[in-house]
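Here it is, the structure, as structure tokens.
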Amino acid sequence: MSHNTFGKLLRMTTWGESHGPMIGAVVDGCPPLIPVTEAEIQVFLDKRRPGRSRFTTQRREPDKVRIVSGVFTDEESGNQVTTGAPISLIVENTDQRSKDYSEIKDKFRPGHADFTYQQKYGIRDYRGGGRSSARETAMRVAAGAIARKIVPAMDIRGALVQIGPHSIDYSRWDWNEVANNPFFCPDCEMAKLWEEYLDEVRLSGSSIGAVVEIMASGVPAGLGEPLFSRLDQDIASGLMSIPAVKGVEIGAGFAAASLTGEENADEIRIKNGAPDFTSNNAGGILGGISTGQAIIARFAVKPTSSILRPGKTIDKFGSETEIMTKGRHDPCVGIRAVPVGEAMMALTLADHYLRHRAQIGKGV
Amino acid sequence: MSHNTFGKLLRMTTWGESHGPMIGAVVDGCPPLIPVTEAEIQVFLDKRRPGRSRFTTQRREPDKVRIVSGVFTDEESGNQVTTGAPISLIVENTDQRSKDYSEIKDKFRPGHADFTYQQKYGIRDYRGGGRSSARETAMRVAAGAIARKIVPAMDIRGALVQIGPHSIDYSRWDWNEVANNPFFCPDCEMAKLWEEYLDEVRLSGSSIGAVVEIMASGVPAGLGEPLFSRLDQDIASGLMSIPAVKGVEIGAGFAAASLTGEENADEIRIKNGAPDFTSNNAGGILGGISTGQAIIARFAVKPTSSILRPGKTIDKFGSETEIMTKGRHDPCVGIRAVPVGEAMMALTLADHYLRHRAQIGKGV
Amino acid sequence: MSHNTFGKLLRMTTWGESHGPMIGAVVDGCPPLIPVTEAEIQVFLDKRRPGRSRFTTQRREPDKVRIVSGVFTDEESGNQVTTGAPISLIVENTDQRSKDYSEIKDKFRPGHADFTYQQKYGIRDYRGGGRSSARETAMRVAAGAIARKIVPAMDIRGALVQIGPHSIDYSRWDWNEVANNPFFCPDCEMAKLWEEYLDEVRLSGSSIGAVVEIMASGVPAGLGEPLFSRLDQDIASGLMSIPAVKGVEIGAGFAAASLTGEENADEIRIKNGAPDFTSNNAGGILGGISTGQAIIARFAVKPTSSILRPGKTIDKFGSETEIMTKGRHDPCVGIRAVPVGEAMMALTLADHYLRHRAQIGKGV
Amino acid sequence: MSHNTFGKLLRMTTWGESHGPMIGAVVDGCPPLIPVTEAEIQVFLDKRRPGRSRFTTQRREPDKVRIVSGVFTDEESGNQVTTGAPISLIVENTDQRSKDYSEIKDKFRPGHADFTYQQKYGIRDYRGGGRSSARETAMRVAAGAIARKIVPAMDIRGALVQIGPHSIDYSRWDWNEVANNPFFCPDCEMAKLWEEYLDEVRLSGSSIGAVVEIMASGVPAGLGEPLFSRLDQDIASGLMSIPAVKGVEIGAGFAAASLTGEENADEIRIKNGAPDFTSNNAGGILGGISTGQAIIARFAVKPTSSILRPGKTIDKFGSETEIMTKGRHDPCVGIRAVPVGEAMMALTLADHYLRHRAQIGKGV
């Protein structure tokens, strides 16, 4: 992990600003001979794309991805496959409205990176948030689409499980519902309530936080490294690297603080000839290493900091002032964080899959 | 981050097993001319040492640390100081009771790393948990004692804020109380309740989870890197690397999911000529970079998996069986996680302090 | 160092194939507020550009570089400066002649990476060498142009000192001559001889090896890390990463094997109040750390493997065959390696400059 | 590579000073279930041990290695094997003669790291060279002994091929001779000449440089990474990290500068059903990736800087002075560099073997 690079053996480096000519990612260390097309990647980008419903920012970007290196046509199959060389992905920025930036050029929007970027670097590209814009996450989703293909049998899915005070009912969880509403909500009852609630938030010019849950199934036992590249540690690192995330938990998570040893213990039995756990408070990870159960992680997303109400702040000259962020924003940025969370999970697991192969010498 | 190494520029590598001859850490990348003595390090090790009260494991280890490289006497001051060379720290294991390990040699203790280590490596040092023993965290505390000295003015303190269902009352928070009870509890009322509650847990042979809070003050604005070595990300990574931790949050954390944009916004004013935030839901970090406010992180520790009740499990031959872990264990392993959490915070911040100096060219 | 990334704190990642749509580099970790323009970078690219004389490949590429992220206009100075965000550099491939690749598609050209890429990856983009084409070095030169600006007062220059059996006379060294001939030759007499000699080589369809010398002056004392990121080690690593390089030496280099301790010793005196060495067999580096003297490195470049004579080889089906590489090639690829060597030296020194600042806390 | 750590997946971190209580290495990332004993490692340490003949330093150290972590008894075989946990190796320093260091405490010995360490760190452990002592290389040899066991069928051998002006006759090369003389010389005729020559050098209080050649056979085709972790690059990095090394070359090396394309080309044929090269100017590496031929590297070692003649230098107060290094030293430090070079080659190849498995998914 370093500056703008994520991963150790499968490495994603993202670059680009919200209002520059383009954004991109370089995915390095990918195994060769993996079939990959722009269309496959586009499917995931489209899930994250803004403007899909009235609950996400109205910025209109086609977000068309181009693969400009690292693939070649396999003569035998006729498929376009990876060659083992770095895969360069590019998305052009098309909707860079020539706004008036005088309002945010010198003032620090509360809750944004404006203040800290200026403190650290002494300069910042303020147009649309520049480098700190959530637009960067489009490239994570694109890179994640490649990562998904590296681990055979792995399936990664995400869902929104809480908006503001309204949590889903886990007993109603239905993965099929996730695609049926604009919230990636697995509980169709709750989706209805959210629609009403979020309209209210949106129309009042406010915003609200959320919780996302990511599940990875088909992950073999044995992935992870002891102590300082624990699988749970690196998943936490990946999810916490998503803008606006303020908390991460694995399995029972914070609820484990209230459990006794008996309640928390996931006992082990043999089922169909294979080890099987009677519960999954561990979230599929013990001692930093995957158990073969589903890996479960959740992360909390803070409310969008840009709201249609004036807030107290200072400017870069050290004077007190007020600011109100106009423009197109997500009332609940947690919604679009779902495909981003899936991508970070995929990248983390694929990286560990390669690391495992290195030390142990075989796939798992 | 790699296998057994934590950090990028300030790198701690730990080694050793619970029942081997010794455990150790190598701290590399430390700036030169920093005064450091074994006695200073010992202070922090003693806070983590087992057997300090009836609420922690009764294993008796003096845990005396030796510095065997990387320091030299500064001629001018007469102090022992770092030389910029790797600092090797060693603690001998003295209380390796020659137990009968036949019970755990082939059986997987639920909640422990036994199953996953065996799956991954095909072998494990089962004596006292071997490499996965929490004993390794002693070396983190030792290394953390050095890290604390790298960032001028930085002060890192930790406290236990929840045991089982019993959370402290934040309005009663008093840092001075932390040293007055065996729980690192800042709320003297709650400490009494915990004493009673934990005696119950302990005598019943059970265990219970906990939540730890770490605060770092005196951290300058500007530490952190955008996107993939965000300060919050690396803090989450460091805390999640502690055995038994299942969740991490920064500032408002998971509570931010229930907040509106207005409630969550930390407005900025000028106070005594410097930027000052009217609240700290951000936990001292915006856009992955420190704001200059106190950095606040919390982590959830699961209940000790070793309990005095038989549990269902399997053995390494694939047969179903039962196991009951005898021996000396912590009823609430969260207590001794407090100094470990402080150490990981110190190591993370010192690493980022060096990284910041590299890119920006001056201290902050 | 990893796959396609060079450097630890200043990191260059290159991507792209010889006959893909474009090639590029991402430079990450660059300090902010450093003025940088496309025109400045272009100067160095033009030195490496093919087709400048009859002694380099006749492939015609304008090699126009674009900076598509990581820079912004500094309000005060009006200059375009770095922002601390990753700098993405792109060069479009324009001269991708639609050649007939049937000859090299299945056959391994001796001396090229064809055989080993196929062995490792099971597939390769054979068009113009694909990823292993020396075209990739254009991006190193572009990145190196940025690296040069990071270390104040540093000046990096390179020269060709040997072609085939013909070495320059060091007593005639004149840096001003380097720009006066198509060989970057500092000895104007030798440049004439080389012209004649290389015409012969070229017209016979053969090729020849060379030696390049790089000198970095203005490098402060103290850069480097002990033992495993020694400055000489990392310079060797950087220069050996250039395609076709077979040897690297620092200061006296291999000649030091024939020297006695007395002959090799660089004695130290005080000159103008500062330490001064009476000779520089060390090449400016002692114990892996810079002395403040000029840093001197040389590297040997093998002859271009593509020659106009048929050679014995095998094809990917395991049959013996012959191959003759037609097309546009450099008779002495060492010539164009000069600006590439300068770039790798600049990147290595700038990286170590940042590393030094990190550990020592101030510029040097 | 970082400070005191070598390798990416197989990582060796060394620590300790010449006159501290002990020196050590942590080897991390080693695959599990590899049999390893102290006795096996000791064999290699004994080859490097000082005082084996009158041609190496008379410091007497038993250099007994202890493995204090990372191994366990395999129940099935009864062997001590690696567990995948970090392997900590320790060697106690026993012969720390309490010398009078007043001579070297403040003065910088020419050719040593004294000046640069003081410049960089502002302090140094001057006793016996402290951290910069060649004593550190004992730990590399110990770690290398483990690395040798990771790649099946790999065999690594080294020899001294030049002392001062006297190069061996390659036509007389006999690996069996290497153990028959105190120089690791494969040419028994030359060994006799060297004995005479080196006695002269030794008795005159002088020292002399040397060239070492390392050969790795049994290395499968496919190891290496394109462009920035090329196998030749990382071998050069490893060998150049050895103290006193001033040059590294692969295959034909610097001689390639004088070769034509025809002379340099290693043509490929099929022999016994496998690819076979008619020559090995490439030194077993093409495009940064191993060909399956023997890997050949050479490195130049400068003469020992400590000689029994006074030299001009300065002290740390900036005054001009003279110094003569008394004490026990190697007249030709290149001799003992042979086992160190073997170790660095073993570590580099084993690291790349693991890296290859990661990306390609199977052994090679």
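In order of appearance the chains are A, B, C and D, and numbering begins at 1 in each one.
What we mean here is this: contacts are C-beta pairs under 8 Å (C-beta built on N, C-alpha and C of every residue); 3 or more make two chains touch, one makes a residue touch a chain.
Note that the structure is predicted; figures quoted are calculated from it, not measured.
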item: Between A-C and B-C, the pair joined by more C-beta contacts; value: A-C
item: Farthest-lying chain, centroid of Cα atoms versus that of chain C; value: B
item: Centre-of-Cα separation between chain B and chain A, whole angstrom; value: 27
item: Centre-of-Cα separation between chain C and chain B, whole angstrom; value: 45
item: Rounded Å distance between chain A and chain C, as computed from the means of their C-alpha atoms; value: 38
item: Residues of chain A whose C-beta touches two or more other chains; value: 2-5, 14, 29, 32, 84-85, 120-121, 131, 226, 360
item: Touching residues (chain side chain B, partner chain D) in the complex; value: 2-5, 11, 13-17, 20-24, 26, 28-29, 32-33, 68-70, 72, 74, 81, 83-88, 120-125, 130-131
item: Touching residues on chain C, where the partner in the complex is chain D; value: 1-6, 8, 14, 108, 110-117, 119-121, 131-132, 136, 162-165, 201, 206-211, 221-222, 224-230, 232-234, 236-237, 240-241, 243, 245-270, 273, 275, 278, 281-283, 285-292, 300-307, 309, 311-314, 318-320, 334, 356, 360
item: Chain A residues within the chain D interface of the complex; value: 9, 29-32, 84-85, 226, 354-355, 357-363
